[in-house]
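We just call them A, B and C in the order they show up, numbering each chain from 1.
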Amino acid sequence: MTAAAGTARAVWRRPPLIRNPRLRWAIYGGSLVYLVLAFASVDVNWTRVYEGLDRGLRFVEGFLVPDFVSRWGDIAQGMQESLTMTVTATVVGIMVSVPIGIGAARNIAPLPIYLACRGIIALSRSFQEIIIAILFVAMFGFGPFAGFLTLSFATIGFLAKLLAEDIEDIDEAQAEAIRSTGAGWWQVVNYGIQPQVMPRLIGLSLYRLDINFRESSVIGIVGAGGIGATLNTAMDRYEYDSAAAILILIIVIVMLAEYGSSIIRQRVQ
Amino acid sequence: MLRLQNLTKTYRTGDRALNGVSLTVEPGQVVGLIGPSGAGKSTLIRCINRLVEPSSGQVTLGDTALTGLGHGSLRRARRRIGMIFQEYALVERLTVMENVLSGRLGYVGFWRSFFRKFPPDAVSKAYALLDRVGLSDHVDKRADALSGGQRQRVGIARALAQDPDLLLVDEPTASLDPKTSRQIMRLIVEICDERGLPAIINIHDVALAQSFVRRIIGLKSGEVVFDGAPNELTDAVLTRIYGEEDWSATIRPVDEESDDQVDDPDAEAEHHGPAEVLDRERMAGLS
Amino acid sequence: MVDASRTFPESWRKRTTRTELLIWAGWLALVALFVFCWQVMTQDTIWMFVADAPSQAADIGSRMVPPRWAYLPDLMAPLWDTINIATLGTLLAVIMAVPVAFLAARNTTPSVRFVRPVAMLVIVASRSINALIWALLLVAIIGPGVPAGIVAIALRSIGFVAKLLYEAIEEIDAQQVEAVTATGASTAQVIDYAIVPQILPAFAGICVFRWDINIRESAVLGLVGAGGLGLKLQDSLNILAWPQVTVIFVLILLTVLVSEWVSARVRHAII
């Protein structure tokens, strides 16, 4: 302190986020070069955009005055497919995910089962729903059945992975205590693990229900049934007011689902 | 009778937690196991019910050699060994009754336990145990709604619900305040006396061990370095177990408290004045 | 002491009869709902096609191999587009999401009654609609190509980034904010000194996480004409060129794996 008083520094600079100056400048420079290259490769056709503004305006108008009536038959059919697909796929997805999730938890599953279950999860997570839908439509034909399979399969990758991580994160002492009473493997799962992961499993399932509905609105584009097909048709026919009506319905349903699931989540805590 | 012969445990990391431990616990005997952190106390009792698999050596309970049992017979053996845990290890989101009944899991099939349909004698035994540990009013509360002392009482009831032939107790008082610690220790020792139940109690609190148990085993670096009565614990012995330190404030003459049967918690409060609290503070360095 | 003279109940139930019945009724309702939905969903299903699926799968599988690796060079430009759509789209989304998040967080919004609901509506609208649908709209409006993809990704990501970010803002330690406010700092200074340092790690994590998701999404946007690998996928599917489809799938898989690895590394470095 005494020595510092004599040579007090009046300049202070905040230490940089990345300490190594070479690495810092390499990252800054690299990012800059990338951005320049990326922007250069995006060519915007301004005349096309200008022409499109008109349609954009019509679409905004459609949003303000949505037309639920003229295509109501198609919309109702599409919504019915989307909703039924969502419910069945979520139920089946949960039923399949739970055993796979348990099998993919390293702390309770033997190694071969663990590897197999992790493999299934990785497979399901690697591809977009839409790609899986393309394959399932090619195999099972057009319609909501292919969509149901797609959503069920995608649910596994999501739910089983998060369930497995939850089981790996449990308070090990509670499971150990149950094990020390001489309980069997199933009893340890039922008494020592299930109570710890149940609230989150319910929350995740509700969240997945929500995701499945949103996804059910796109896989129709490739022929897997649901409101997406209706929407696609409306867009192709330039019926923006009907398209806006569909989008508003989707948003409202998602909002309702989120509201409902937040209530259920609070109750199971 | 419990007999350990040459028990050794080497963890996969290469740490040798136990090094040739041999000891015998007679029927009805309550043993306090003391030693510094990392001496292998926890490993030792977990090797007995094989929550930790011993590397070599033998554990025999009665006529059964616990080491070498297959999966199913190990489960049956575990039923006979009750265990009480440091942080209670209750299943927090289950009710008190479910936690106590979980002590019967080894006796009932999966579906019975799944639907919570335990046999009548198990249920009435569970009620009786909850009454014994003073929790009759909390049967249907969730375990996470209880205080620390109450949780440990549930832990005791769960272990006793197993109808054990041996009790393993792992630091039962580590997360409790001094008064509750004494109540819990007294309860455990009383219950062992009532039932003639042998027990091994891991405990880092030397004074507490001295006042409640009649035999103390000192563990250091996985080896038994002391085995004797509480009053044989001298400065020299403690130094052998824990290392150099001024022990004058730690060791207390074995006093009358281990014998008195105070059930009323308020009456008990008068027993320890400021001096004891001071002792505990000094000893905090040991744990 | 277990007093022998006392008797204890021999039965114990977790729930009362009433709640038990309610729970069974709930399960029954769920099963009924499932069966009903299943009936409605499959009323037009042609089961012959479903039964035929294994042979169809085998057929497609046999067509997909061997992959036509010579197609790979044609995919490099679309791959570059895909990466750009994801990266620039995420960037655009983040720029728009930050103000939305501050307006939506209870502790930073100027008005809980008026501004917050608007911000929440933006978030919900953005989150409800899949990037592919945004792309569908944008292709119709501004024409096919990479720009439509970038904007679609950005519009979809605003809600995601803003939602996670405003939750992070709401979870900050109020004491630190109090301390900085007590020095007489202005609102902007409080944000800079007390709030930003607390949410920065979460913010970076969210951005990288969303970028990783966006790589997957931008790979398929081309299906509706918004540029990237999806365009080639659509072309190949239209002419049933399954060996090319295989190559595209492999490339998408590799890209996804790399992006997942990058995002895991970056998040690990931040935390």
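In this text, a contact is a pair of C-beta atoms (placed from the backbone, for glycine too) under 8 Å apart; a residue touches a chain by one contact, two chains touch by 3 or more.
Since the structure is predicted, the reported quantities are computational estimates derived from the model, not experimental observations.
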Remark   = Any chain touching subunit B and subunit C at once appears in the list A
Top chain pair, ranked by number of contacting C-beta pairs = A-C
Ask   = Which chain lies the greatest distance away from subunit C when centres are computed from Cα atoms alone?
value = B
Remark   = Cα centroid separation, subunit A vs subunit B, in Å, comes to 47
Ask   = Counting in whole Å, what is the centre-to-centre distance of subunit A and subunit C, each centre being its mean C-alpha position?
value = 4
Query = Among the residues of subunit C, which ones contact at least 2 other chains?
reply = none
Query = What are the residue numbers in subunit B that touch two or more other chains?
reply = 98
Task = Specify, in ascending order, the residues of subunit A that touch 2 or more different other chains.
result = none
Query = Considering the complex alone, what residue numbers of subunit C touch subunit A?
reply = 30, 33-34, 37-38, 40-42, 44-46, 49-50, 53, 56-57, 60, 80-81, 84, 87-88, 124-125, 127-130, 132-133, 136-137, 140-143, 145-147, 150, 216-217, 219-220, 223-224, 233, 237, 249, 252-253, 256-257
Message = Looking at the complex, which residues from subunit A come into contact with subunit C?
response = 34, 38-39, 41-45, 48-49, 51-53, 55-56, 59, 80-81, 83-85, 87-88, 91, 126-128, 130-131, 134-135, 138-141, 143-145, 148, 214-215, 217-218, 221-222, 228, 231-232, 235, 238, 243, 247, 250-251, 254-255, 258
Remark   = Listed in rising order, subunit C residues that touch subunit B in their complex are 1-2, 6-14
Query = Can you list the residues on subunit A that touch subunit B in the complex?
reply = 171, 173-174, 176-184, 186-187, 190-192, 195-196, 198-199
Query = Can you list the residues on subunit B that touch subunit C in the complex?
reply = 95, 97-98, 101, 116, 118, 120-121, 123-129, 131-132, 139-140, 194
